[in-house]
Structure formats: structure tokens, C-alpha cells
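Have a look at the structure below, then the notes.
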Amino acid sequence: MPKVRITRRLHFSAAHRLASPDLSDEENRRVFGDCANPNWHGHNYELEVTVAGPVDSETGYVMDLKDLKDLVNGRVVDDLDHRNLNLDVPWLEGVVPTTENLAVRIWERLAAHIPEPATLERVVLWETPRHWVEYRGE
Amino acid sequence: MPKVRITRRLHFSAAHRLASPDLSDEENRRVFGDCANPNWHGHNYELEVTVAGPVDSETGYVMDLKDLKDLVNGRVVDDLDHRNLNLDVPWLEGVVPTTENLAVRIWERLAAHIPEPATLERVVLWETPRHWVEYRGE
Amino acid sequence: MPKVRITRRLHFSAAHRLASPDLSDEENRRVFGDCANPNWHGHNYELEVTVAGPVDSETGYVMDLKDLKDLVNGRVVDDLDHRNLNLDVPWLEGVVPTTENLAVRIWERLAAHIPEPATLERVVLWETPRHWVEYRGE
Amino acid sequence: MPKVRITRRLHFSAAHRLASPDLSDEENRRVFGDCANPNWHGHNYELEVTVAGPVDSETGYVMDLKDLKDLVNGRVVDDLDHRNLNLDVPWLEGVVPTTENLAVRIWERLAAHIPEPATLERVVLWETPRHWVEYRGE
Amino acid sequence: MPKVRITRRLHFSAAHRLASPDLSDEENRRVFGDCANPNWHGHNYELEVTVAGPVDSETGYVMDLKDLKDLVNGRVVDDLDHRNLNLDVPWLEGVVPTTENLAVRIWERLAAHIPEPATLERVVLWETPRHWVEYRGE
Amino acid sequence: MPKVRITRRLHFSAAHRLASPDLSDEENRRVFGDCANPNWHGHNYELEVTVAGPVDSETGYVMDLKDLKDLVNGRVVDDLDHRNLNLDVPWLEGVVPTTENLAVRIWERLAAHIPEPATLERVVLWETPRHWVEYRGE
């Protein structure tokens, strides 16, 4: 049975700032530059979720894309869209919301919820059209 | 002498919320929905500035694009990038930072500064890849 | 009061064929080429709807974008998405579904429904990323 | 000798419907939703074909891109563009034309035809700008 | 009869340098910066040609897009693609190949060749994804 | 510690021609087609550099993106932007500047300069929006 990867792209808009609670304001400004602005800034994020698995011989699907979209909206996007990533999201508490950390936490929100035999393969998160990160659960 | 329009696209990332100081929290939530989140949200904005004028017969330019870029960075983008549009920008004070209002204020920051005989023709501001506004000084 | 144009982009996927009922199969093939394939072909259409009007002094809006999205979905996109433009759409009956004709009919579905004082200014319809049409009600 | 991957993107527009011949109309509608519309719908597909191999020391090529384009047009795109994927394509007979199944069949049309020492590495097929699949022959 | 605008996008890749024959090397470097590099540089240009006219009641076309594509390829793109804009193009002789001047000359190559009753309305030329010019024959 | 890949996209515009010094003009024209034009042509290149590594527990970074941007600008982009790839770049001497060869040489310029424990994982170079290559140091 051929193994195929399917990807769905979704988006959300959010505010954040990069700052470590262990650092002073001055140190945060030195490490994170403008991203440490105490009054926040924000982004249009693009999120790509890739699921891999065998193609079902009857439906021709690895996984119903509508189910994948509903899953990612329900467990990730609805919590992040038009929110403050430092203040409004219980599952991001205590995390500096860099793109790297966001991708890892999004993976953790989704990996156990992909219906077998498919599996989560990759989470890609774009912070701007010129910068993105990828996490594969490694 | 042919009249040509030239456009330069720039970008900035910022936080904001939509809320009128004349409305209660509940009314703001009713009018602006999720955009009224008191903890802010944010966007990657794309800004397109169009200048129209005759083509200089020696240089073949309507206006030096590097000068246009420097002008828009100096009077607009540097003030907005990685900032909070409600709190950090003196020339946006008292304005609900909708895309419409931002485009009008950006026009006002630029129109008098385009070197003659060229003139500012159009400001286009994208809040997301599926929503933008255009202002022509009318 | 400044006059601003706001645009919302939406999409739909549909099947169609280009063929005039007044022409023979052979003539349709000659006029419309591969687009006349009797077994249909299809596209991902991108639809941009532009509304112009004064900026409301309280909300900072020309028109609530969510209302615009709901209007275009309800009167246009829901009727076209995952449909056959020659067979499934009452308001396209008797029309050769070229991009030109689609844009004119979409305009007619929307123009009377934009809330005053805003007005419909422009409908842009992309049939592919390299081909689009624009109609302004003229 | 360095091993490099080269990719060429091509496009085609086609009609299809998702429906299993083993299911009733009602069951197909339940499994495939709007995609089961008996009057078809369609898409602008984007196809990316990746070939991997050593860089030829004289030409600096893994494979002549024009040859790759001609191969994919001749064996895949010419058969699919402006066609009905359920009715018009002999090598898709009996296949529910999901993006997954299309990618696998496109791989099978190409893999044996890449000139040695290069090999086919990946077929990516976009059904919309927000949904794509990838097949690597596994 | 409704008046519709149709646009076709095409592309070409070319080398050029910006330098006036009336200026010294040093002056050209001062006016045009890196664009004056005597060893040339180059771009992927995107060209959008817009034609306006009434919709033909039988075909539903303003103009056959294939005819438009063939016209622009034959009179413009074939002369520019994989060429040096300063050295290889008779109809650009004596012109500093700025994006402004290119757009005006491309207009002049096309305006008289659009079949009536349609007319050429606009030429847009992108030199990079962040910079473009527009000429309307004014 | 999770391993994440981060990517930064940068761009440059350059002229080149494809021609082997070991071949005659006629042979070069036969092998490389229009790309062998002795008067050069050019492209807007997009360069994507991917770095992989553990996420630093304090900063939440794999690597500071500004450092990555400065590194790639300093060792690659500044040497290539608005230059002739056959004539102006010492580290491309003797190389036919195909996209394949450029990607390999760009890798060699960067691999030893990524700060530990991160490593260079992938260089992707787009010559046009429909053609790109990928090199992973293999």
C-alpha cells in the first residue's frame, strides 16, 4: 500500500513578545532586540500540518482533510487566533513564544490525535513569508 | 513625457486591538468581535506605496526607488514595525487602528514628502493575504 | 470624510466548459479549443470584491469585513463552490461561463446588497494565477 | 560528486468528482461531501516533480530541465490538462481521483523514464493553495 | 454591453545595467548605484497586459486569451527573454532600460495590435516581487 | 531537547550565462540553448538556508535569525547581488553557474560557519518561481 504525506495549511493572527522571565528588561532587549518590546507586536502565522500514512483502498484518502482541518482548528488554531501568545493560552504557559517553541507545542497538541494508521509527520510554522521552522517530533 | 506609476512594497509586523474609547468593553466586543481582545493580537502588514509622475529623460526614473524606500521606512515603517499600534505611535494617537484608518494616516505621513514633479497616488495596506484597503487621498 | 476601498478575497472550486448552444460541437472546439471539452474541466477561482465608501468615524470601518464575507459567501460562493457552472447555478443559466461573464453576473448578485453609504466598486475574478478579469459595473 | 535535487513545477486544470463505484450515491455523499457532486467540480493543480542525482561535471546539470519539462508534459500534463480525471484518462481508470491517488499514478508514469544516473525522488501535487500531497515511491 | 478588463501575466528573464551614455562611469555609479555594474545583473520580470472592451455576446470573450498571449509573446517576450536589454533588442536601442522605460516601450509595441473593439488599457511590469511599474499610455 | 529546523529566505538579482569553457560556441548553444546567450541574461534568485539544532532552553532559539541573516548576507548575498556570476565572484571561478553548482558552492561558503551545536542542513535556491534545486551536503 503506497505511503503518502498530506498537508493542510491554516492561519492565525496573534500578538506576542520574546522575553525570558529569568532576564532583566535590559538583558531581554539585548537578546531579543525589537521582539522584546514590552507593548507586544504580532504576526500572521501560517501553519502547515503534515500527516503520513497508507492510502485507504476504498476512499483513496490517507485521512479525511476536513477531519484534519477540524482537529487542528479545535486543538490549536481556535486557541491562538486573535490571542496573545504570552497571556491567553494555557498550554503555552511558561514558554518563550519563539517560532521554535510554538512548533514543538503545536506538535504535542496534535500527535496523539491523528487517527491510525496515519501519523503526524511534520509541523511547519511560518512567522513571516521569509522565516519558518519545522519540527518532526525528534 | 509619459506618466508612469511606480510601486514599492514594504512590510512591518505589529500588535493592535480594535476598540473605541467611547464604547464599553461589551460594546467593543459586539462591534469588533475577536479583534477587540484586550490582550491584543497582531499581523504581518504589507504596505504598497505608489508614486506617479513623468519619466525623467536622463535617468529613466519617475523617482529613485531607494529614495522612496528610505522615505517610507523613515516616516512610516520604522515607527510601526514591532510596535503596538494603539500604544507606541504618536501619529496614531486617538485613532482606532483599523486598516482603513492606518492607510489614511500613512498617506498623510507621506503625501507632502514626495519630490516634485512626482506625486503620491495610492497607499495599499494588506492586513492579511485575504484582506486589504486602498486610499488615494480623496 | 476620507473615501477608502476595502477588498476581501474568497475562493471556490468549480467545473465548467465553454460552449455556445448556438454552435456545433466542431465550431465550439474551433472557438474555445480545449475549454470546450464535453466532459468538462475546472479551476480554483479566486474572487476579490472591492467596496468603496467613507470611513465611519466611530468604528473606523468602511464596512464590517465579516459582513462582506458573509454576503459574498451567501449570494455567490455557496452557489458556485464544488459546482458545475453550466449545470448547477440558476443565475448562470444560458450564460457561457467565461471569466468575463462570471464577473458580470457576480457583480449583479452583489451590487444592490452593499449597505449604504458604501458601494460596490470592483469585482476581480482569477481563473488561474496567470489570468484574471475585472468588472466595475460599467 | 555532490548529489543535488532539482524540481520543476507545472500546472494543469481539470474536472473530477470523488465517488467510489462500490458505494451508493448517498454513501458517496456522506464520505466525500461536496466533492461527490455528480455534476463534477474542478481545480487548478500544481505539480512539482523532483529528480535527484549527481551533478554532471561538464554541464553542471543533474538533468536538463527542458527534458524534464518535456517528459512530464508528454507523459502526464498533456493527458490531464482540461480533461475530466474520472472519464478522459486511460491510466486513471478505476481510480477514485483523490489527490493521493493522482500523486501515486503520476509517480508510476514517470519513475522509469528519468535518465540515469538521476532518479525520481518526489512528486508533490497541490489541489488548492492550502492542500497538497507528497509521494516518494515508498 | 458590459465593459470588462482582462489581464494575462507572462514572464521573461533578462540581463541589463542602468547607465546613461551621457554620463561618466563614476556619475553612473552615483546615480544608479549597484544597478550600474558594468558586468550587468538581471531579473525575472513578470509582465501583465490588460485589455478592456465589451464582452462579445456569442463567445463571452473580450478577446481570446490565447490570441493575447501569442501577440505579447510574438511582439515582446520572444525579443526579451534570455536577452540583454541593453545590447540585444532593436526596439530598446538608446533607452536606459529602467522598469519605467521598459513599460512604455512595451506599451508602444502592443497598443496598435489589439483587435477592435478592445483596446490596450494597462501594462504592469514587475522587476522584483517588491517593485513594479504601471503605464496606461498617458 | 527537541531538534528543530529553522529557515531564512533571502534574495539576490544577478546576471549569468551557461557555457563550458571546454565547448565551442556552437556546442554551448546546443547544450544550454538560450541560456548560453553570450550577452548574458539574469534572474531574481531566492535563497533558503536551513539550520537544524536543539532549541536553547533559555532563549527558545535554535540560532538567532538575525545572526543567520547577517552570516548569509556577509558570505554569500553581498558577493552575488547585482553581480555577474561568471565574472565578478572569486569563489565561483571556473564553475558553470547552473543552479546546481551555485547551491553546492553556497553550501561550502556556509557550512563551517554555523555556530554549534546547530548545523547547516539544507540550501534551496530558486532560479525562477517554477524551478529550484536543493543541496544537503551529500
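When the chains are written out, they are named A, B, C, D, E and F in that same order, and each has its own residue count from 1.
In this text, a residue touches a chain if its C-beta (ideal position, glycine included) is under 8 Å from a C-beta of that chain, and two chains touch if they have at least 3 such contacts.
On a predicted model such as this, the values are computed, not experimentally measured, just so you know.
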{"item": "Chain of greatest Cα-centre distance to chain A", "value": "E"}
{"item": "Which of A-F and A-B has more C-beta pairs touching across its chains", "value": "A-B"}
{"item": "Interface copy of D-F among E-F, B-C or A-B, judged by whether over half of the contact pairs recur", "value": "B-C"}
{"item": "Interchain centroid distance [CA atoms averaged], chain A/chain D, Å", "value": "28"}
{"item": "Distance from the mean Cα position of chain E to that of chain A, given in whole angstrom", "value": "42"}
{"item": "Interchain centroid distance [CA atoms averaged], chain A/chain C, Å", "value": "34"}
{"item": "Multi-partner residues of chain F (at least 2 other chains)", "value": "129"}
{"item": "Category of the chain touch graph - line, ring, star, complete, other", "value": "other"}
{"item": "Contacting residues of chain F [partner chain D, same complex]", "value": "18, 20, 22-23, 31-33, 95-101, 103-104, 129-136, 138"}
{"item": "Touching residues on chain E, where the partner in the complex is chain C", "value": "2-10, 50, 55, 58-62, 65-66"}
{"item": "Contact footprint of chain D on chain C as seen in their complex", "value": "11, 13-16, 34-35, 37, 39-44, 81-84, 87-88, 128-129"}
